[in-house]
Structure formats: C-alpha cells, structure tokens
Amino acid sequence: MSQTLEALQEDIAAGRLKTDELVLNMGPQHPSTHGVLRLELVLDGEAVVKVIPHLGYLHRCFEKHAEAMTYPQVIPYTDRMDYLAAMNNNHGYALAIERLMGIELPERVEYIRVIMAELQRIASHLVAIGTFGMDIGAFTPFLYCFRDREYILDIFERTCGARLLYNYMWVGGLSHDVHDGFEKDVRDFIKRFRPTIKEVNDLLNYNKIFIERTANIGVLPVDVAVSYGCSGPMLRGSGVDFDLRRDDPYSIYDRFDWQVCVGKGEAGTVGDCWDRHMVRVWEMEQSCNIIEQALETFPPGDITEAIPKRIRPPKGEIYTRVENPRGELGYYVISDGSANPFRVKARGPSFVNLSVIDEISRGHLIADIVAILGSIDIVLGEIDR
Amino acid sequence: MNTKDMFDHLAALFPDLELQLDEDVPCIIVPPDAIREVGLQLRDDEQLLLDSLMCLSGVDFADGTLGVVYHLHSMLHNHKLTVKVVVPVENPHVQTVERVWRTADWHEREAYDLIGVIFDGHRDLRRILNPYDWEGHPLRKDYEVPEFYNGMKVPY
Amino acid sequence: MGLLDKQFDDGNIVLTSLEGVLNWARLCSLWQMSFGLACCAIEMMAASASHNDIMRFGVLPRPSPRQCDVMIVAGTVTLKMASRVKRLYEQMAEPRYVVSMGSCSNCGGPYWEHGYHVLKGVDRVVPVDVYVPGCPPRPEALLEGWMRLQEKVRDFSLVKPQNGKPQNGRA
Amino acid sequence: MESLLQSLLGDNLLTLVLYCALPLVFLLLYALLAILGEVKISAFMQDRLGPMRTGPWGIIQPLADVLKLLQKEDITPKDADKFLFNLAPYLSFMAAYAAFAVIPFSSQYVGADLNLGAFYLLAIGSLNVAAIMMAGWASHNKYSLYGAMRSVAQIVSYEVPAAMMLVIVVLFVGSLNFQDIITAQSGPFWNWMVFGGPKADVELASGEILGASWINLIFLPLFLASFVMYYITGLAETNRTPFDIPEAESELVSGYHTEYSGMKFAMFFMSEYANMFLVSAVTAILFFGGWNSPFGVYLGDMFDAQWLVALEQFGWLVFKGLFFVFVIIWLRWTLPRLRVDQLMYMCWKVLIPFSFGIALIVGFLVVVLK
C-alpha cells in the first residue's frame, strides 16, 4: 500500500510483479479446513490456479512413539491418529500384530469387532456428512448428524467407558466384554437410525442447491484415483468397485451379505463431490445391514482367552490393511523380536487421498475448493500422525 | 502370482540387474538406481499390472543402512508384491518413483523428512511433516531431540 | 474500549455496581473462536451440538479471532502450530481468555515423552485461564471449565489491587 | 404526528430530533429482538435450547452481547486504511437507517413523506455497497477484499430485479409514494397487491382516484410471481442464506467484516438486521398492504380513537415485517449456500428477464384496462 503507482507500474513493466495471480492462505486456522491443514491457493480472481497443501501442523510423532512403546502401548496412539474412527484404527493395528504372531481369535471377539467397527463407520460418516453440509453452508444437518452420532457414542461408552478414543481392541481380544443389553441397544439404534438417513437425504443430499454446488465439481477420474492411491469412498465415488472388506477380506466380513456402494454419477459426472458424498450415505445403510446380520448370529464366549500374556512377535514384518471409513488404513510393522516394535509405519487413507487435491481442484472456484476438501473427508490426525 | 513367480518374471526381463529374492518376508530387493525402471515394468507389465502403490515406507535398519519398502497391489489381478531398496546411511540416494505412481510423491517426501532418504529426480523434495527449517531426521535410530526449536523448549 | 483501559484507586458503590453489570455482560456472552486442533475439537463440536449445547451459556462461535472472547485450544499444539496459536491469540481483541482443553494442550498429554514435535503445554506460548483435563475431556467437562471461566470473569475488578492483594482476572 | 409532538414540546428543533429518533429507537429494540429470534429459532430447528442462562430463557442475551461488545478492544489493524476502516461501519448503519425515512409505519407516521419514496429507497440502498467496499478494501485483508468484491457484485446485480419489482407496483398504482401504494391496498386482505390489487376504487393520498374492479384478479399471478422474486432479491441484497456468499463462513471466514472487532462489528451486525427488516417491511408494503389491517377495520375506529388506529397500523406493519424476517431466518437455517457464479446466473439470466417480462405484461394490462 505504501508503494506509489509509478513504482508499481515500473515493477509490472520490469516483470518483477505478477499482476494476475493472488496467493491466499487458507488455514491453519480456517473454518473449513477440518483442523489445521494449510492450503496455499494461487488464485486468478476467484478461480484456482494451483493448490499447495502444507501439512504437519498436527505432526504428533506417532511412528516415533510406536518405536518407543511396547506393542500393547501403541494402541492408544493409534486411537489418536484418525480420531473419528478410533475403533477401526485399533482393529487394523491389532490385526497386524495378530497376524504377525499367528493368533486365532474367538468367534465372539470377531463379531464384536465387526459390530463395533461398523458402528464406528456410521459415526465417522455422520461427521463427514455433517461437516460437508456445513462447508456448503447448511448448518442444521451438521447438528442432526452429531445428534445421531451421540447414540453410537452412548453404546461405546456403556461398553468401554470412553466416548471418543477407546483403546478397545487389544491384541488377541478386547479390553471389555460388551455390556448387558448391548444387542438391544444396537438394535434400537439401527431402528432409530434408518429413518434419519432418509431425513438427511431430504434435507441435504437431494436439495437442489446442494446438488448444484457439488455435482460436476472436483471430478476424480479412475486412472488418477488409482495412480494417486486413493481409497475408500474417494475411490468408490469414482466408480471403482473395490472394498477391502470384500476384496481383501479380514476378520469375518466374508460371512455377511452386503453391497459395495459405488458412485454412479446420478447428479452429474461419475467421481464428483456429490458421488463421494453419497457413497458415504449409502455405506451407512450397508453398515446397518452388516450389523443386523452380525447380531442375528452373535455367539457367546470368552473374549479374553486369546489375549497373550506376553506380546513379543517373532522377528519378521507384515503389511496389513483394513477398510477405514476414509479408505485403506495400512500398518507396516517390523518386529525384531523384542517387546517394542522396530518400525511401525501407518499409511493413513486421508494422507493419500489429500494428495490428489491439487489435481482435481484446478480451474474451480474458491467455494469449490471447500466442497472438494469436504468431500475428501480428511482427518488431520491421520494425515500428520 | 506369488512373489517367487514375479521374481522369476522380473529376473528374465532384467538380466543385467542384481535383483534379489528375500524368501523370508517375502520380497524382491532392487538396486536403488534401478527402482524407477523396475517400477515402470511392474506397473505396466500385462502379467503384473501392479498399478497401485499401497504404501511406501522409509526404514532405518540400524545397521548402517536405510531402506525404502514399496508395497504394491494390482487392482485387476488382486495380487501383492513387496519391493525393497537398501542404501548405505552415508549415501542415501534412491531413484524416485514419483512419476510411476503419483502417490509416491508425498510418501517420498515423508521418507525424506523422517528418515533422510534422498530421492533423486523428485520434483519437489521438501520436508512435509516437520517445519521446513527443522534439523535432522527424527525416525533415525540415533536421532536426538533438540533442546530448543525457535525459542520453544522441546523436551518436557 | 474506554472503561476497562482505566484503573481506579478505590472502589465506590457506583463503580462496584457498574463492575457487576459489565462483568455479567461479559460472562454471559463469551464468544468462542471456532477452531480446533485435534481429537478434542471433536468433543468441542459435540459440546456445541444438540446434546450438550454450549450455546445455552450465550456462546456464539465466530470464525474470526477479532470478534472472539475465548480461544479454546482443543488439541495437541505442535511446534509448527505454536507460533500460529500465539498469533491468533494476539489477533483477538481484549478482554480475551484462553481455555486449554485436554491433556495435550495442558502439558503435552500422551506425547510428553517422545513427542519431538509437540509443544508440552500451550501455556508456554499463551497465558491460559482455565485448564480442562481429560484425553479428550467429555463435553460436560468442557461445560464445567466454561463455568469456571465465567466465575473468573465475574470476579474481575476495575479497582487497582491494594495491599498486594492479587487481582482476579485480567483486563 | 409531527404536529402532535410540536404541540407537546413546542421547540421545533427538539421535535425534529425526536421525530427522527423514533425509528432509531424502534430499530434498536427490533435488532435486540431479531438477534434473540435468530438464536432461538435456530435452536428450535436444531433440537437445542439456545441461550438459557441470561435472564429467564435467555431473553436478555442480546443485551449482554451488546454490553460486551461495547467493552471490547477496538482494533484497527496496522496496515489498514484507518479513515475508511473507521468510517465504513457507521456508513453502513447510516445507509440502513436512512432508508427507514420513507417507511410508513402508519398512516400518520412516516419519517419523510416523499413523493419519490420508492426512488429514494433504491438510491439510498446502494449506499451500503460503498460501505462494504470501504470495509473490505480498508481492512488490508484478502478475505475481506474477496468478501467485499463479492458483496458489491451481488448487491449491484440484484438491484436491477429489485428495482423492476418496485416498478411493477408503481406502474399499477401510478405513484412512487409509499403511502399511496399502501392506501391503494386499503380494505380487507383481498385488496392486497399479492391478491391482484384493489377490487374497488380508492382515493390516493394525493387526491387521485385509482379505478379498480374485480378484473384486477388477472394481476394475481403476476404480482404473486413478483412478490416471490422481490423476496429472493431481498435475500440477496441483505446477504442472507442462500446468498450469504460475501460472508460465507466456510470460505471467507467472515467476509468483509473479518477484521472488525467490538462496536464496529456490532454496527455491521445491526445494519444487517436493519436491512433484513427493511426488505421485509418493503415486501409487506408493496405486496401485503403495508400497515393495512387484513380485516379492513380497526378497533380504534369503533372507539373513534385515532391514536389507537395509528398504533394498530404500526402493529400490523411490524407484524408483517417481523413475519418476513422470521422467514429469512428460517431459510438461513435450512438451505445451503449458492456459489458466486450461480448467484450471478440466477440474477442475470433468470430474475432479470422474468422481471422485465412481468413489467412488460403489467404495463400492457394497465394501459388496456385503464
């Protein structure tokens, strides 16, 4: 502002000053970056020329901690990676260590794990749907989603005492057996929850303005999605019929009958923001189906019998992946035979999904960046770890 | 195809390279200056089609070597392969596969940031998690936590 | 602006009642800065959602730091983020308060030992008024912390501290 | 009204000041009510309670907010253009307040009974644009600048259809004076513009006779359409959802008032609410009979008390205005937000052609029928 007009014109003439691009910093404190992500937007007017994400504002050194802790002590830290889907994170890590040690789990443990993981998936998708709505400007659906999510948290709380970070799935078992009346609670929840999916559809998902804002925005073609390693609703939103629960089965998912939801381009192009969003909505119904089937054959039993007294996996390494609500959560664990892992690398789905943002947001407007970011559904705890 | 078959397939295609098969893990060990070439082959070969890089991890093996581990998966054939690259800690240069699998971009930046592997040919090799002016590579086994960063005390 | 910048040597009845009204206004209308850092942010959102509804206390989330009274530091403050937190605090208009929510921002939480990139307590960069313990604290705990903050605001005095008696609250 | 005050107080200047201050008092009271309404209605829609601790059921929450904002530090950013930065909020509020001059609160009271009332409203309404632009530019903040640019583009564009809707009513009535427009709709509610205008001859304040008959029913669809369109443009001009693009929280933090704190922020807040009522009141005046009672009779007439009639008329206008404010709030908490280009599309490609079309038809019909 202090520059005179002549000096500015001189700068322009000499090519020292670009006159057509503006750099806008979005974040780390911004209402719609879902945490502490910082996006550097290079703008031409309202149109986006380039998006440069800057990560690491929540780098909490998960991998360093994993090397310093014993195997069971790592589990609370996995909770805090993707804090919206702590159960699924526990599940992946426990599975990796169990496979490394060759532990066979009791039936009941497997069932509880699947039910908990699916409940957590619903809870996580509810947050994703709500915050996406908020990014588009609809505040009320966000609160409705949070209200429904509370019922799931109540079930978790009754079982293990925690609302958000559970430390529930241990290597070889669970921290607690489910509470009395668990089955009834879950059934009640499913019964109450199914109509609210329709409510959210009516209020938000099929709202004309919402569709206008999200359809044909941030289209992610299949080849780009695969090359960038996108997974979960991101990949399925682009029309790829791939779900680890079915295609790389773990736990007991192969016993249940359910559908893999893929984006169909109903409102616009296949792979746009609306498709990614709707995949989440449809997945909630599928999760309900899985839970209902699991409850029908819910076996009795002891959940602690397979928990080893001493957790020291033999020397070796393993890469295990599970389907997190956000996509493929992988753990690469190297064991040197001691009580501490030698190396744990977590492959967070959000980390990988976010890397595609520059590719799919060029040429869109600022408002679309918010929509695209919301549809990717990132959790910074997992990106920065 | 299992790892052994893939190894045989690759060994026939690259007779000049010193590819090794580690039966324990199992994985294929590729020289650091050939990983790009091998990667392209892995991705595009009709029989392999390992088009998705699930995970790329840097590892400090604590015996004077650093490593990069590639976990690959084929969406079409639904088979997996683990590829390893081992480099000495004094000269940790590995070819980048950023243009083979786009997802390797950030993963390589992370491995550079935390382990200190330098990826030759990477277009944008900056730190990703730690601040740009951070010193050292925290996931090295001999890493020592600094006392201060920008005037803020780091240890408790 | 105005009154709070001044300090008075002795309290009289006018000043005391004015003080009461002003403090009441401030404690009933503590606007919160809507930004979260980590896991605790989800519980902070849950606290403003329908079940717990922190808006009952007159809280209004504002995205711009200029218009906020309270910064809830909800989550782990990393070294990279610390300078930003400090800057946000500096951008807020006086009188301003900080609630440190969760173990991480209280003292580094589970990352206190090996977290080479974690700031061990947000009070190393900004002054904190209320600490809410928990990992993460339940929404109820945040509400409790909120009421503690209100008590603190209620005790604020325009009168200069006398005889070395400490003054509650900050201008 | 003016003469009443004059007889009571005698002093000319004092009368004038009081006369001018009346809407301000109303505006302040209304703003408190609207802020409370906003939080309470949103809470009701979202299964919450809203403020509960500030007075019984939180009813004095807005008072606490205002008192608190008074105490806040008044920040002027270092790089800001200080003069413009400080001027903008007052100008914004002034623009909103000045527009109230021509709003007839009853047949007795209108700040300035201008023959060009509708024209004045359009002119003074544009002043807000200058204030917003000032605020956005002077803040030296990119978000503010974006918000201001968007806001200016939006308000300037939407002024065209808004003016056309005014023109439609003015064409029909044949007067730019708001009192005339309201008088034209006197009688029971089926005489309102939105139901096709007066069904019997009316004498306007200017002494002209507006000939009317039941044939006016053919105007019903036209006026209904123009009411809906005027209301939509009103939403856009007040920057409310789904057109709250200038202060889109998820994109631009708080748009043009990102850098404002304390009382200056309160000024913007107040002017937003004042504008909301302005748009609602004008909607009521143009299409819903203004201060006319929907039943065509007043309690005051029965008791032969003119002051009661005036009070009732005031009540009806405020009631109608508040109802439309309520609808604005209702929409805000229901709908998502449009994008900039969609907003412009809506204005230039939908509203403007339609409004011109309606104006053409109305003009034609008026000529043919009269």
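So that you can tell them apart, the chains are marked A, B, C and D in the order they are listed, and the count of residues begins at 1 in each.
Keep this in mind: a residue touches a chain if its C-beta (ideal position, glycine included) is under 8 Å from a C-beta of that chain, and two chains touch if they have at least 3 such contacts.
Because the structure is a prediction, the values reported are computed rather than measured.
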Common touching chains of chain B and chain A: C
Pair of chains joined by more contacts [C-beta pairs], B-C or A-D: A-D
Averaged-CA centre spacing for the pair chain D and chain B, given as whole angstrom: 64
Rounded Å distance, chain B centre to chain C centre (Cα mean): 45
Geometric centre distance via CA averages, chain D-chain C, whole Å: 38
Interface hub residues of chain D, defined as touching at least two other chains: 46-48, 249, 253
Interface hub residues of chain C, defined as touching at least two other chains: 50, 63, 80, 113, 116-117
Residues of chain A engaged with two or more neighbouring chains: 30-31, 56, 59, 61, 64, 143-144, 147, 384
Touching chain combinations (by label order): A-B, A-C, A-D, B-C, C-D
Contacting residues of chain D [partner chain A, same complex]: 42, 45-48, 79, 81, 140, 142-143, 146, 241-242, 244-245, 248-253, 333-342
Touching residues on chain B, where the partner in the complex is chain A: 24-25, 51-55, 57, 59-60, 62, 69, 71, 75, 78, 82, 101-103, 105-107, 114, 127-131, 138-139
Residues of chain C defined as touching chain A within the complex: 34-39, 41-43, 45-46, 49-51, 63, 65, 75-76, 78, 80-81, 84, 88, 110-111, 113-118, 135-136, 138
In the complex, chain A residues that touch chain D: 1, 22, 24, 30-32, 46, 133-140, 143-144, 147, 203-204, 207, 209-210, 212-213, 365-368, 370
Chain C partner contacts - residues on chain A that touch it in the complex: 28-31, 35-36, 56-61, 64-65, 68, 76-77, 80, 83-84, 127, 142-144, 146-147, 149-150, 153, 163-165, 380-381, 384
